[in-house]
Structure formats: C-alpha cells, structure tokens
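Okay, so subunit A shows up in both of these, paired with subunit B first and subunit C after.
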Partner chain A sequence: MKAEYKRVAYYPGCALEGTGHAYNKSTKEVGKALGLELDEVKNWNCCGAMEVKNIDPKVQTYLSSRVMSIAANEMGAKVVMAPCNGCYHNLKKAEHDLAHDESSRQAVERISKKAGHATYQAGQVETIHALDWIKDGIGEEELKRRVKNSLKGLKVANYYGCMYTRPRHIFPEKDRGPGSESTSKPHFMDDLLAVAGAENVDFPLKTSCCGGAHVLSDSDTSTKLVLNILRAAEAAGAEVIATECPTCHSGLEMHQVRAEKVLGEKTKVRMLYFTQLLGIALGLSPRKLSVHENVSDGLELLKEKRLA
Partner chain B sequence: MRPLADIEAEIGSIAGTDEAAAERLLALAEEVLEHWITARGEDPTGEQVEGFRLLALQRRGARGVPSFNACRETCREIAYHYNLLRLEPDCKLDEGRRRMMAMLTKHLALFVSGKMQVEGLGEFCCASRPLRSGTHQ
Partner chain C sequence: MPIHEKSLIRPEHIKAHEKLVIDGVDVSGHWSTFIEPRVVTDYNERLEEEIAALPGGEYVHRCWQCGSCTNACPVNAINPDFNPRYWIYLIRMGMESELLRDKEIIWQCVSCNRCTYACPRDVVPEGVMKATAHWLELKGHTPKSKSMIFDEEFTEQVVQTGKIEEGRVIRRFFAKTGQSLLQDWLVAMVKRVARRLPVMQGILMGLAALIRPRTRGWGKARDAITEYVHEQEALQRKALGLRDTR
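Now for the complex of A and B:
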C-alpha cells in the first residue's frame, strides 16, 4: 500500500465529463466507499489528446504539463490520478519528454511563461491510473475485507486497450517484476476484480488494437476489430468485458451496435467499467454507479446474477 | 501473393484440434505479416526470434514503424497458443485454444489489412505519434 495514494489530485479529463460520465461517477463513488480522497485539479484543461497532438506535439506536451503544474505548484499534490487511458498516456508522455528532451523543456517553459504560471519540472508529480490508485491505495487485502456483494459467478474478460501500456518507454514503473504492472500482459484490473469475487477468463486480446483513433475516419476497420474482440471475449466464456478507459468503453459499445446494424453480427457480451463492477461488489447500487448510462445494458445481467 | 481477404477466409475455415491446425494457423499469421513487410518494399525475414519466425517478422515489420507494435502482443499470444496446442495434445481445452488461436490470427489479419488501408492506424495511440505530420516527437 502507498500512503501517498490515499489523497490524490484528480484529473478526470474531458471524456469523463461526456461519454464517460458513468466512469467519473463510479470512480468517485468507489473512492468514497474505500476512503480514498480525490481533489479535482483546479481549472484543468485538455491533455492535448489527438487533436492538438496532430497539429503540434509540443503544445500537447505543454497542455499536459499545465495540468501537472497546477497539481504540483498550486495544490501541493504529489500524485495525479487520471482514469482515462488517453489522459494517463499523455501525462506520462509529457513527463517522459520533459525528462529526456531539451526542446520539449524549452517549449513548455516558453509557453508556461507566456501563460503566466509556474513551469512544470519533470518529477514534480507521479501520474497514476485509477487501477494503480485502488490497487496500491487500498490494497487487495483491505479491498477483500470490504466486499459485501461478491461478484462470484460473474465471468469477466478484462480489456485494457492500448494506451495503458504502449509505448513501453513512457511507463518506466511497469515491468519491474513481481508487484508491478506488465506492459505485455497487464493484470491490475484482473487482480482487483478477482478480489471482488469475479471469475476472470483467459482473454488474450486484452491489449489488442480496436482501431481507436480511426473510429470516425475508418469505421469499418474499427467495427471489424471490435467485433473480433467481442467474439473472442464470448468464446473465452465472458459475460462482461470490464473496461478502464472511456474511449475503449465507448468504442466497444458503439461498434457492438454498429456490427449488428451494418454487418448483421450480434454479440451478447456486456461492457461495464471496472469501477462499476467494484462498486457493485462494495454494495453500492447500480444507479449510484450510473450503470443505466451505459449503452450496453449491464443492468439486466447484474439482475440475472442477483448482483442488483 | 494472395489477397488478405483470402487468408482471412482460410483462417475462419480451419477446424480440428490437431497439430496440423496449429501449424496452419501459424503459417497464415506469418503470411499476413509477409504482406505488410513486402508492401513496405522489404524482404520477409526467414530468421526466428524465441523460436518463432512470426515474432521475427513482427519485429521486422515494426522497424521504423513503432505503431506496428500494436500487434506485438497478438503475435506473442499466437505463439503461446501454438505452444499450448503442440505441447498439450489431446487436452480437453484444445478446441477452445484452437478457436482462440484462430481469433488471434484473424485479429492480426484485420489489423494488417487496416494498416494497409490507413497506415496511421496505431500511430496516435500505440506509438504516441501524431497522425498526420509523421514526425517523431
């Protein structure tokens, strides 16, 4: 357990205020239930996501650094937690750039001065994902002690997507042996849901490409990739795909619908955020966890399994 | 070189749990990667990495194109499932393993055919590079 994870600066990012609202809500509810505190980063901005990154990668580095600068220099935070894989990835990338690339350092310093705030220095904060926050903030033993509504009998495929582990060089804390996360076979979500009683199926496509950023420009490729992921989850025996990223989650949900409409291919597997599943295990109501906001109807399944 | 769609169709037609099915799926996965490497004007390697030509081909395909690492784990899982089918013949789990190996091989085919149409697939996410400028950060 890491004491510094008990209270962290929270960077929800734009997706969690829109399509990923249920992830935002369930993350906060689970934190509350576990006694983990979140201080939302004041006046946060976009991490630079793909739009800015396409035009000027250095500006993306600056935008992510501003979030970390506010957390470090205005809030006195040591840890920033970003539940969205895109935000998490971009903050990690900015951290890496600032630690290794002089031209990035100069660009960030120049823009920060112009914007009138302190320049972020590499190493001022540690950026973590919601999975790290729960796994190391509360610990598996304590989480197990707090489970009131075991997910026993629920078969789950854990889908991490790509940005949680790639490219490897921006995640130096991973692949450090026992206890650390793996970039080739991530397991933190599997670990947490296993503690909550779920039966994790062997799911070899857990970090495979879903077509992500090409969702709008090349929808057919994305639909086919997602359909294969959904089918593989079903073939592995999963009833639910647990997600830990709003973009992955919406991608799986939307392309499940599109696969049925365009390709006539129906799949039954449901998508739930891992925080929604953990919340259910902690005895929180599906309503509180915004399960009803998901496109994929997980409520019916939870009722079937007598979990709701 | 036959079209990727034909390879994809063959992947879906492979049945059985015998060694031949595993060998065929592995060969099809290699053929998929040969497409990508050839399209980039390179020669598909005959070398092996960790005992698999598939892994050597994936490494070759990612040379200068870090976004191609989006299929690295898929290739490693194909090799793993091949090993399972080869080393534990007649296991009651073989049917599921063969089916999963086929789905992994299909995913590789879908990813590579997506890359052939839109080279930027995986650039933004897996390689953390901009989609349009094509420059290193």
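Now for the complex of A and C:
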C-alpha cells in the first residue's frame, strides 16, 4: 500500500480519447468505485508514441518530459499514472534518459526553454501504470473486501504486451523480488483479477508482440502475430483475454476480424480491458464500463457467465 | 560461437550432384556439395560509422554476434530471412551489397524490444533496425516504407498540434499509400461495433471527430521542435555524405 497513489496526476494520452475510450471510461469508473482520485494532467500533449521515436528519439523524450514537467511544476504532483502502455513506457524511457544521458538532457533543456516552460528534472515525479495504481493504491485485501460480483468460473488469459516490461533498464523498480513486478513473467494483472475471483489460465504468450507497430503498415505480419496470441489463449482454455494497453487491445480486436476475413481463421476468445473486468467484479454495469464499445462481444460472454 | 542460421554462401553458388554413385555408394545431393568461390571487394568501410550516426544505431559496435537477438525475434519466426544478427554482422564488416539484398524487409521490425531485452552487450538491436531502415531510405536504396509514411504523418500532426487524432492519422495514411478505407475486414469491424452503439453515442462520436484535438499554446513548442529536427536532419545527412537538400 502506498498512500501517495490515492490521488495521482492522470495522463490518459491520445489513444484513450479515441479507440481506447472504453479503457479511459472503465479506468475512471473503477477509480471512483475504489476511492482512488485522478487529476488529469493540464493541457497535456502526445507522449511521442513509437512513431515520433522512430523519426527522432530525443523529440519523443522532450514530448514525454513536457507532460511530467506540467504534472510536477504546475500541479505539484508526485505521481503520474498512465494506463496506456505506450505512454507509460515513453514517460519511463524519458525519465531514464534524462537521468543517464547528457545529450538527451541538453536537447530537452533547449526545446523546453524555447517552448517557454520549466525543464523537467529527472526524479521530480514517479510514473506508474494503472496496474500499479490499483495494486498498490488500494491493495489486494481491500480490493477483495469490495468485490460484489465475483468473476468465479471466468477463464482469463492475462496479456501484457511488449511496452510494459521491455526493455528492462527503463523499469528499475521491477525485478526486485517479492512484491515487485517481474519483467519476464509479469503478474500484477493476474494478481488483481485473481482477487476479483477470475480463474487465470497458464498463458505462455503474456509478453508476446501483437505487431502493434505495424498494425496498418504491415497488416499481414500483425495478423499472424495476433493469431498466435489468440490461438495460444484458446489452447490454454481462456474465454477472455484481459488487456492493459489500448494499442494491444485494438490490435487484437482488429486482427481477430482480419484473420477471419482474410485468412478464414475464426477465433472465439473475447478481449476485455482489465479495468472492465475489475469493474464488473465491483458491481458496476457493463454499460458504465463501455463494454459495448469493444469490437469482440464481451457482453454476450458476461451474460453467458451470469456476470451481467 | 555464432548461430549459423544464415551465412554468406549464396544458394546459387552451391553445387551439388543431383545423382552420383561412387563405388556403389549413393552420394547424391549434399554428400557431394561444393561451393563456388567468390571474391568480395566492394566493402563500404564507413558503413558502421554511418549507421552509428543515425538515431538507434549508436551501439552497433558492441555486438559480438551471439545471435540472441535473432533467436528472440518474432518477425524472424515468421520469416527466417529477417535476421538482425546477420545484418549487424554485415554492417560491421561493411558488406553493403549483401545488406542491400534484404533491403525490402528491414523496415518490418515491430519494435517489440525482445532483442534489446535479450542482448548481453546492450547493442539495442531494435534501434539498429530503425537506423538501418532510415539509412536505406536516406541513401535512396528504397522508397519510403509504409511504416515511415505512417510515422511521418503521425509526427507531423504531433508537431503541429501537440496531439493526434487517430481517425485523421488513419485516413491520411490510407490516402497517402493509395489504399481504400473500405476493406472488407475494416468494414466488418466497424459494423460489429456500430450495431451495438446507442444512437446518441454514435452521433456524439461523429461530432467529436470533427474537432481536432490540440494542446493550447503549442506554437512555441512547435517551432522549437521543428528547428531541432531540421538541425538533426542536416547533421545526419552530413554524416552520410549526402548533400543538404534544405
């Protein structure tokens, strides 16, 4: 339990205002239900995502540092929470580069000065993921007490994707033994959903790649990578894949349809954000959690399981 | 000891007897293989330096060819020709013409960072893949990949407004690459969601799409980033011995 996670600066990012709208909505609803508070970062900008990094990594470092600078210097926040793996990864990467690389520091200082805001200094804020926020902000015992609608009997494959754990050096707080997250076998989502009553299946592709980088520019590769993940989840007996990243989530959903239409490969497993699953366990309605906005029919599954 | 999953021997240089029996022993095929020799003289001795001058390629010199990157790579699992270990070897040797034989697929790296995670020498192979793809385009060996077109469209929007609107990025990307938005699978996907969406929410989402999200007071940041990017591009072109086109 960490008291400083009770109220955090919230950085939703661009995807959560578009395709990841359901993740945004369900994160806020779960926060409300658990008494965890969110202050949205004022007038935020894009973190740079993978696309800007590919054009120039230091511009991405600047973009991410501006978000942290506003949180630290204009809002006095100590913790920034980003539910999107891309945003979370980029803020962490910027933090690491600013602490260890002089040329990144110089580039960020130069652009920040010209842009007319305080330069972010490494260490001013701690960036966390929505998983850390719930796991350490409320704790598993307290979460267990608040479960009203146990997910008992729901078979879940927990899918974390790439950006939550790789590369390892930008996550110095992980791999620290008991209680900390693991970069080779992440388990925070497994832990939370187990508390909510779900039956987590043994899923070997937790951190496999969905091809999100080329979701549209090299669709054939993405479809093959996604199909691997969907098949492995079904082989493990999962009815639903729990996600914690808007790019992974929409990648899985889009290429599930594409695999069906282009390759004739139909899979039945559904995708739900982990916040949607937690929300259901906390007794919130599927509508409130925007389950109807998902492409795969999660509502049908929840009804079959008598959870909605 | 490197993994010999790919070598410099070209398939067309392998000579094997289809059918050969010596003293009653069948030595057809690979039993009697020999390799036509060839001489390589067209080394680009600056290749490693050029890759190292582009973002992501800085640590290519650290590689000791263990092959962990290729072993961890999900794209290699789909296409065995996609081989980061081999390309890093070619870059360090300066074997440009060999590298160019794979120029059409290098951009396909999905940036999953499994290679960077596995690498014992902190080469950051993912970065080397990006630098190499960049190098191919800057040198004019390949046209802009679809991935680069996507990245440029995305970056352009972020630099101009501070944010992106996914719908706009996707529409413009499809237009620039000459693809129709009305592909079966995309239409099927939209239909699946639309059928479940309440009418009012559908209308609100449509209206929201008309307003471009932007960060307020972004002008100064836009100018500072643009200036920085132009400066970096000029430095990169110089390192590659290219004329500054600006």
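Please note the rule applied: the second predicted complex is superposed on the first by the 308 of 308 C-alpha atoms of A that agree within 3 Å, B and C clash if a C-alpha of one lies under 4 Å from a C-alpha of the other, contacts with A are read in each partner's own complex, and residues count from 1 in each chain.
We take it that contacts are C-beta pairs under 8 Å (C-beta built on N, C-alpha and C of every residue); 3 or more make two chains touch, one makes a residue touch a chain.
Just so we're clear, the structure is a prediction, and the values are computed from it rather than from any experiment.
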Subunit B and subunit C placed together on subunit A: clash or fit? clash
Who does A:14 touch here: subunit B (first), subunit C (second), both, or neither? second
Query: Should A:306 be classified as contacting the first partner (subunit B), the second (subunit C), both, or neither?
result: neither
Which superposed partner A:221 touches (first subunit B, second subunit C, both, neither): both
Pick one for A:204: touches subunit B only (first), subunit C only (second), both, or neither. first
Point to revise | Partner chain in contact with A:97 - subunit B first, subunit C second, else both or neither | key: first
**First (subunit B), second (subunit C), both or neither touched by A:261** = second
Please work out whether A:59 is in contact with subunit B alone, subunit C alone, both, or neither, and reply first, second, both or neither.
second
Between subunit B and subunit C, the one with more contact residues on subunit A is chain C
Message: For A:110, using the defined touch cut-off, is the partner it touches subunit B, subunit C, both, or neither? Pick first, second, both or neither.
response: second
After superposition on chain A, the stretch of subunit C among 63-71, 135-143, 153-161 or 225-233 that runs into subunit B is 63-71
Residue overlap on subunit A between the subunit B interface and the subunit C interface 50, 54-55, 57-58, 162-163, 166-167, 208-209, 211-214, 217-218, 221, 224-225
Interface with subunit A, subunit B side, in the complex: residues 66, 69-74, 76-77, 80-81, 96, 99-100, 103-104, 106-107, 110-111, 113-114, 117-118, 120-133, 135, 137
The answer for subunit A against subunit B in the complex is residues 50, 53-55, 57-58, 61, 89, 93, 97, 101, 104, 161-163, 166-167, 170, 184-185, 204-205, 207-209, 211-214, 217-218, 221, 224-225, 228-229, 231-232, 235-236
So, in the complex, the side of subunit A touching subunit C is made of residues 14-15, 17-19, 43-46, 48-52, 54-59, 62-63, 66, 107, 110-111, 114-116, 162-163, 165-168, 183, 208-209, 211-214, 216-218, 221-222, 224-225, 253-254, 257-258, 260-262, 292-295, 297, 299
Residue positions on subunit C within touch of subunit A in the complex are 55-56, 74-75, 78, 108-114, 116-117, 124, 130, 145-152, 154-155, 158-159, 162-167, 170, 173-174, 177, 184-185, 188-189, 192-193, 196-198, 213, 215-218, 220-221, 223-225, 227-229, 232
